[in-house]
Each structure stands twice: as structure tokens, then as C-alpha cells.
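Labels run A, B, C and D following the written order; every chain starts at residue 1.
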Amino acid sequence: MKKIINSVEKVEEQMIRGLVKAFPQQLKKLSCGNVVVRATKKEGKVALVSGGGSGHEPAHGGFVGEGMLDCAVAGPVFTSPTPDQIYEGIKAVATEPGVLCIVKNYTGDVLNFEMAIDMAKDEGIKADYVVVNDDVAVKDSLYTTGRRGVAGTILVHKIAGARAEEGADLSSVKAVAEKVIANVRTMGMAIKPCTVPANGKPGFELAEDEMEIGIGIHGEPGTHREKLAQANKVAETLLEKILADIDYKGREVTVIINGMGATPLMELYIVNDFVQDYLAAHEVKVYNTMVGNYMTSIEMAGFSITLLRLDDELKRLYDAKAAAPALVK
Amino acid sequence: MMTLDSKKMIKIFNNIASKVEEEKAFLTELDTAIGDGDHGINLARGFHAVAEKLSQMEEDDDTGSVLKTVGMQLVSTVGGASGPLYGTAFMKAGAVSKGKRELDAVGFLAAFEAAVDGVKMRGKAVPGEKTMLDALCPACDALKISIAGGDDLKTAVWKAVEAAEKGVAFTKTIIATKGRASYLGERSLGHQDPGATSSLLMLRVIAESL
Amino acid sequence: MKKIINSVEKVEEQMIRGLVKAFPQQLKKLSCGNVVVRATKKEGKVALVSGGGSGHEPAHGGFVGEGMLDCAVAGPVFTSPTPDQIYEGIKAVATEPGVLCIVKNYTGDVLNFEMAIDMAKDEGIKADYVVVNDDVAVKDSLYTTGRRGVAGTILVHKIAGARAEEGADLSSVKAVAEKVIANVRTMGMAIKPCTVPANGKPGFELAEDEMEIGIGIHGEPGTHREKLAQANKVAETLLEKILADIDYKGREVTVIINGMGATPLMELYIVNDFVQDYLAAHEVKVYNTMVGNYMTSIEMAGFSITLLRLDDELKRLYDAKAAAPALVK
Amino acid sequence: MMTLDSKKMIKIFNNIASKVEEEKAFLTELDTAIGDGDHGINLARGFHAVAEKLSQMEEDDDTGSVLKTVGMQLVSTVGGASGPLYGTAFMKAGAVSKGKRELDAVGFLAAFEAAVDGVKMRGKAVPGEKTMLDALCPACDALKISIAGGDDLKTAVWKAVEAAEKGVAFTKTIIATKGRASYLGERSLGHQDPGATSSLLMLRVIAESL
């Protein structure tokens, strides 16, 4: 394992401190743990709380700021934070209109957030949550854990964040978050694995000519392995799966070409070159495109493609002002 | 008649903490194959905190209170899926043991059943989905039959261990439909479940320590 | 070599197309080559042209936009563009107040830009240039090529860009660019090399426990090799060298913790955690911090630290509005 | 008396293009050690373009015009440091050969001297800095002496090749103070300069083709 760190035990805390020190006017860290909140609490609006395991930087701390999150709770690398940590975060930003938690669909995240929300409710805090499950690599079935939450989560932060900033009530903010969730789909791949610092060994191994398709964001293996193909072919594989899941034809979309952490922008741009042509050929109109590292897996190399189907409300909220470290609009 | 008082219980939890630390790499390796490679790390962090908490705790005769402390400590230090699951298990066990200065075989069974129900309730899973329940449920059944048949606690727990061993082996033969391993679909076949394995390890420590 | 590309020959062009397609309202590509200009030419202000080899994404195309560059010329990976390419770029954005080229100090870049500027002048275009040389890893001597231009270049783009946008004349824009150059210093390191696509082999090899100190941005080896140390120790080594070069004590600075392309943000934040404390302890006041991938070396893993000594003018220009793909203010 | 007309010159440039393509990996490897690993790639791209350009060009008797075309093509396709340097070299050689239907030994020397002066002027370097000048300058000197001594062109160019070979060997023994290799300081010792090597290769092709 080759990393620029000080010690395996201090990775999460030093990272959160480093983030907050880079944006001292915008962010602060709660003394009780790796919980990032806005430097100035905003009253009178629904507060948004997200979080999960660390290792997805800039998610989620980098999305705390005006027009996006009020709080991000960071667990150990790839491990959901505990209910008491999440509860501290909820408590710190709770407002009269209430708190909405944005949870990615992993058993650990869901269980810990549910327990935290129960604790918050016991203390009289109005709190609710949505579960993001945009990853079409995983079969969505009533009899399984269902699809994972991946890069599409950023768009839930953005759009629900804008709606909250407008002053909407808790049920309206929740409703628009669920609208995003219903309309966003993602699929990813990797050519190089990542290593959880505390573990020291990569989550999987790939030969020089292999790639993993249907990768998640926790260093776990994907749905299957193939020979590494040309970028266009790979992007097509992902897009086919996404377009097969819900109907995007004739609709406007936001696109995210998301790097997994160690993917050079060069490669993301090359992928985007193809994606834009492919979408045009399939009568999907691109409203806006984001290319970069938004939801990563430490130093995994690879990318995911996210499409969000837009309507007028979602466009308005997508375009609204945002001033978070990792997303400025 | 063999019983379990809070002192012995604390000793058992210390033993579990050592065992989990010892098997940290092994559990993590199992989780690397079909999960995200943190199960051993998570549990080691949690039981380290449990051991520390128990060492600082004022003497407490109430077994229910010890179990509740363990559960709360796990919930607030393990994280991931196994944190709330094991945490809930011990908290539920604590609730049914509340006020008991010692657990006899019947008391132990009641606590164990409450724990397993807690895991089922929290995780919305059933046996056969390649989770810790595939070790815990057969163990609970074996415990029940053994105690009903008049075995003493130690014998009964050893029978539970045997059943859990079979359960762990069984997890190799099935596809995961809960937890992270479910993302792998058929590729989860052939691998044993890390959570079922950690459940077995804990049971074995209990049997050895009684 | 493991990369997400289509073919070694098409890397630069497809990448530039992909960038421009992501920001169609802001950017366009000249048909004559890999030259990116603003979608709408801005008259009446000094035009800024930068560029160099590809492989440094988002530099330089990602810095074309309001408040920053007017044009970026991209050569093959790590190879300066040719004079005729640069000349096409200059011609496309040339305005009555003139053109300032921002060149990084490499023999190839300097020679090719000089020839292009001569061509432009022959055509009656008012054109001048500055040479950025912020890399303290390299000895600055009259008898050598001098220090390289690295991540500090971004701050020249930002500040000269703001001054040009204010409507300053060519000599004033050049003067402020030179003020930035005189006050900015950078030093970098790497733990993993990168591979030029057309070459196929990494620029150097490192053992699992080694790092290169004093690395440039062209995949070349650094000034020396050491055993990989803790992040804090590494950052201290770089900072010592930077602080020894010019006096930062008691001054305000802008800090860039720049990723080399494959460095996870996690590690950059951990570095920043130390850098901020170190600067505070050395009585250097941090005015603003940027953490991310600004000037990369394809998929190299490592980071550089940049410090720019500020005065009131530089602060005003640093804070001015910018709307480039890779830098929004 | 042996001379070089524009037809022969074009053949030589085609031969150089083949040679550079052949040695692309080798030159790139040299540049990987002390530069940025693109010298062979750069030159191959450039001379490929040169060969294509020359094949499309209308017949032209003027050697100066052929050399100028080569120089301009190199400038606009090679990039990096070597593009403007080699480009300037051939453009300057073209300028002094302007209007000449063939170059005799004296004409060749004049062109070669102009080329080397062009590199010096453009790159602001002198011999001993571990650049192409360490091959070109001794080669130029040898050419001059040989021609002054009455050798024919082919013999003279072979003597230049020998001198360039020594120059390339010499680059291994010195520290670079110009170009990218200068960033390495003492670590550039022991490595031969890619640009000096490509100069030698070209000279050798000329000698072989005459």
C-alpha cells in the first residue's frame, strides 16, 4: 500500500481537519467527531444531512455549503458512521422546519441513519430521510438489498439543497429529493482497485488487460470482469445499461462523468467526447455536463456515468446558486 | 448448576475482544472477497471499545446492564452494517436480562433468542440470505433443543457452536441477497460470510470461557 | 500501460473535444487543431493565451473563460505545441489592446511561443509574453535553463486574467503577471509515475517504499529519491525549500495543494491539515487555499505545494470573478 | 566530383524518415532516462510529415527550397525543444542554399554551418551543455577540416559522423545545463543525450546515402 498519509488510524480525522482548514469561512468540524457543518448555521430552512463512510472525497464534506448540505457525517473509510455521530450532526444543524437525511442505499448506512433519526425524533427533532439507489449495475428487487447509491447522490444534494434554500417545508424537500432519485441512474467501471488504509490490501486484483464493469464505490469487485476495451466501447456498455433502465428518449438530462479518484481528467474528457455523441444519436438532449471527481473510491481508477432526467422544476433547482467547496454554481 | 454472572460475562467479553483482534485480518479478508474489506477492522474497533468501557465501568451485578452497555458501545463504535446489528442484538439481550444477577441456561436462551430477533428485526433478513443469521439461527435452535433436553449451559452452547459451524459452511453454498455481498450476485458463491463467521467466533469464545 | 482511451494517436484531440462538449456555452475548439478559445470572443481587453503540452488537465483548456484565459493551445502529451498552432490561437483571440502569452519555462515551450509571437508581430498583432518559473526544486541559475513553470502558472492565469478583464493595457497586464511570477513558488513530489500514451512506459520506476522529491510535471524523474515518509514529513520537506527561497514571514499567501492527477483528495486534505499548521507556526498568514487537481501529470500520484505572496492588488485580482470550467470564483 | 542535387536530397530525407521511425523507441528511451520520453515520438511525427510533404511537392530544382520546406515542416509538426531547433537548422541551411541547383562540398559545408549556427542562436546553448550541439559542432569542425584538406563530400561527411559519434559519447560524461535533462543535475551523468544521438543518426544516413 502506497499512500501519502501519516498513520492509518488518523486518516479520517486529519482529512476532515484538512478540508475544514481549506475553507475556514465556510466549514467547521464538530469537536465530537468527523462531522462537518456550515460555519454559520442557517435557521428557518430544512437542514440537509448526508454522510457515510469516508473514501469518497469530495463527498460528502465537500458538498456542505450554501445551496447544498448543512452537514456531512464521515465514518471510517468505507464504513458507515455510527448513529451517535449522525445524531450529533443532526442535532447541530436541526431547525424548526426539520432535517432531511440523504442516505445512500447500503445496509450499514440505512441502519445507522435510521437509528440516529429515531434518536433525534426522541429528542423532538423533526427528521426524515430518503435513500438514494441510482446504481443500475445492481438488480433492483424487493428480495434483495436493492441498488446501491453512488454518484447520483450529488444531484440529490444539489437539487434538494436548492429546494431547502428556497424555504420549502420538509415534505416538499423530501418530495423533490425523491423525484431526483426516481430519475437518476448511474453505472461505473474500474481499471485499478483501491486500498482501504486500515486493510492495506486492494479490494480486488485486475490483470493488466482487465477491467471490472458494474463497480461500486467501496473498493468491492463489480458485477463482472472483461478484457479492457476502448474507451468508447466501455462508455457504450455503461450507457446501454443506463438507457435500458428508464426512458430518456426525447428528454433533457444532466450528465456526470465521474472519476473514481485516480482517473486523469484526460480520460474523463475522452469518455465525455463519446458520451455526448452517443446521447445525441439516441435523442437524449444534454442540458448540462459535469466532468470530474465527485464521488470517488479513494485511489480507484475508473469512471461512472450518471444521467438525471430533468423537468422544469429540476432544471430550476439544478441551476440555483451553490457555494460548496466542491461545487460552485 | 452452571450459571453466568456479570463478572464472568465481562471476562467473556474481554476474551471476545482478544479473539476478534486475533482474527481481524481473517475476517477482513473474508469481507474483501465479497464485501468491502472492513468487517474485521470494524469489529476489532468495536470490541476494543467494549473492553475499555467494561474496564472503566463501576462494578455492576446486573447482567442486563452489562449486555446493554456492550450493545450501546458496539452501536456507537462499529459502524457499517454489523454495528447496528450486533449492537441491537446485545441491547435486546440486555433488555430481557434486566435485573438478573445471573443467567442460567433458560435465562441465557432467552437472551440469545432476543438477540437473534433483534438482528432479524433490524436487518429485515431471514436465514438463507448469507448473513450472520445463517450462523445465529441454527445456533439458537440447537441451544433451545439442547436446553429443553436438560443439557447444562456449557454443553448447550457447544451444541450451538456446532450448529453455527454448519451454518457458516452453508453460507459458502448460497448466493447473498442481503448486505454488500448481494451486489456480487452469483460471484458470492463459494465464499463464506464474514458476519456468520464472526458470530461463530463469538459463540466459540463463550463456549470455551464458560 | 492501462488507460481509458481509444487510441494513442487520438488522445489529445478527443480530450479537447470532450472538454469543449462539456462546456459548449463557454468554449469552442478551433478547427485547425487542439486550440480552445472562449465561445464568444471578448473585444477591447488584452487577450491571454497559454498552453503547452497536453497531460496537465485541467490545465490549460479548463482555465479558458471569463476572468482567466482567452485561449489555450494544447500540444501532444508533454510536448510543446508548434508555432503555427500557437499562432492560430493568438490570431483567433487577438484584440486591439494586444495579446499576452503565459509560457511555462521549458526550452520547448519558450522556443515555440517565441516563434509564434514573431509570426503574430509580423502580421501586425501586438503580442508579448511572460515566462513562469515557480519550481524551486530546480536551481535558478543564469547558466542553466532555470526553474520550471509548474502549478503556480494557474495563479498567473487567474490574476493576469482578472487584470485583463478590468481593461488594463498590455504592459499593465504583463506587469501584474510578472509580479505573480516574482512572488510564487512551488515544489512537488510523486509516489507513482505516469505514462505518456505514445510511449507506453512510465517515465521512471519507484519501489513500493520510495518517493521522488522535486518532481516536475512531465513524468520526468525528480531531483532525488527518498524512502517514502509520513505525509507531514514530506510536506515539511517541500515547505522548507519553498520558504527558504523567498521570505514569506509575516505575509499573506494563497496556498495550492495540487494533486498530480491520481492522488485522492483524501491525501491532499491530509497534507493541507499539516501545511496550514506549519504556515501558522512560521508566521505566514493564509489568505486562501485551493486543494485539488489544477496542474497534473496525467495519472501521476503525488502533490505539489504552491505559495503566492500577496499584496492588496494581488488579493483584489485573486478574488475577482472567474468562470472557467476548472475555476469558478 | 560528388554533389548533392534536390532529387538526391529528397531521397536522403526519406531515408532519414525511415531511420527515425526505426529508432523511435530507442530515442524515446534515451529521453525517458533524462527527459520526458518523447524525443523519438516527436521526430518520428515530424519526419513522417516531412516525407509526406516532399512526396506531394511539385518537382523543385532548388536545394534551398527543399531544405526550407523541410525546416518549416519540422517547426510545424515536431513541437517540444527539438522542433524549433531542427526546424531552424534546416530553414537556415535552406536560406544559404537558396537558388543552388546542387550543393558541392563547399556548398554542403556552408549549409551545415548555417544550420549549426541556427541551433545555437535559437537555443542559446554552446557545446558542452549536453545537447545536440555536442554532436553537431564537432561534426561541423570535422567537415570543415576534411573539405579544406581536399576530401570529397562523402569522405568528409563520414569524418563528420565519426566526430559526432565521439560527441555523443562525450555527452555521457557531462552534466546537462540546457534542456530538460538539466533539471536532473548530477543524475544526468552517464546518460547520452537524445538530441545529440538523433543528430548523429541523421548524419550517418546522409553519409550512407551519398
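To be clear about the criterion, a residue touches a chain if its C-beta (ideal position, glycine included) is under 8 Å from a C-beta of that chain, and two chains touch if they have at least 3 such contacts.
No experiment lies behind these values; they were computed from the predicted model shown.
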Starting at chain B, fewest touch steps before arriving at chain C: 2
Centroid-based (C-alpha) most distant chain relative to chain D: B
Geometric centre distance via CA averages, chain D-chain B, whole Å: 76
Mean-CA-position distance for chain C and chain A (Å): 29
Gap in Å, rounded to a whole number, between the CA centres of chain B and chain A: 32
Chain centre separation in whole Å, for chain D relative to chain A (CA means): 55
Chain A, residues touching no fewer than two other chains: none
Per-residue overlap in chain B, given as positions that touch at least 2 other chains: none
Chain contact topology (line, ring, star, complete or other): line
Chain pairs in mutual contact under the definition given at the outset: A-B, A-C, C-D
Residue ranges of chain A touching chain C (in the complex, touch as defined): 2-7, 11, 14-19, 21-23, 54-55, 57-58, 62, 191-192, 208, 228, 230-232, 234, 257, 261-274, 276, 289-291, 293, 296, 298-299, 301-303, 328-329
Chain A partner contacts - residues on chain B that touch it in the complex: 28, 32, 34-38, 41-42, 45, 75-85, 122-123, 177-180, 182-185, 187
Chain B-touching residues of chain A, taken from the complex the two chains share: 53, 75-85, 106-108, 111-112, 114-115, 137-139, 143-145, 148, 196, 198-199, 201, 203-204, 216, 218-221, 223-224
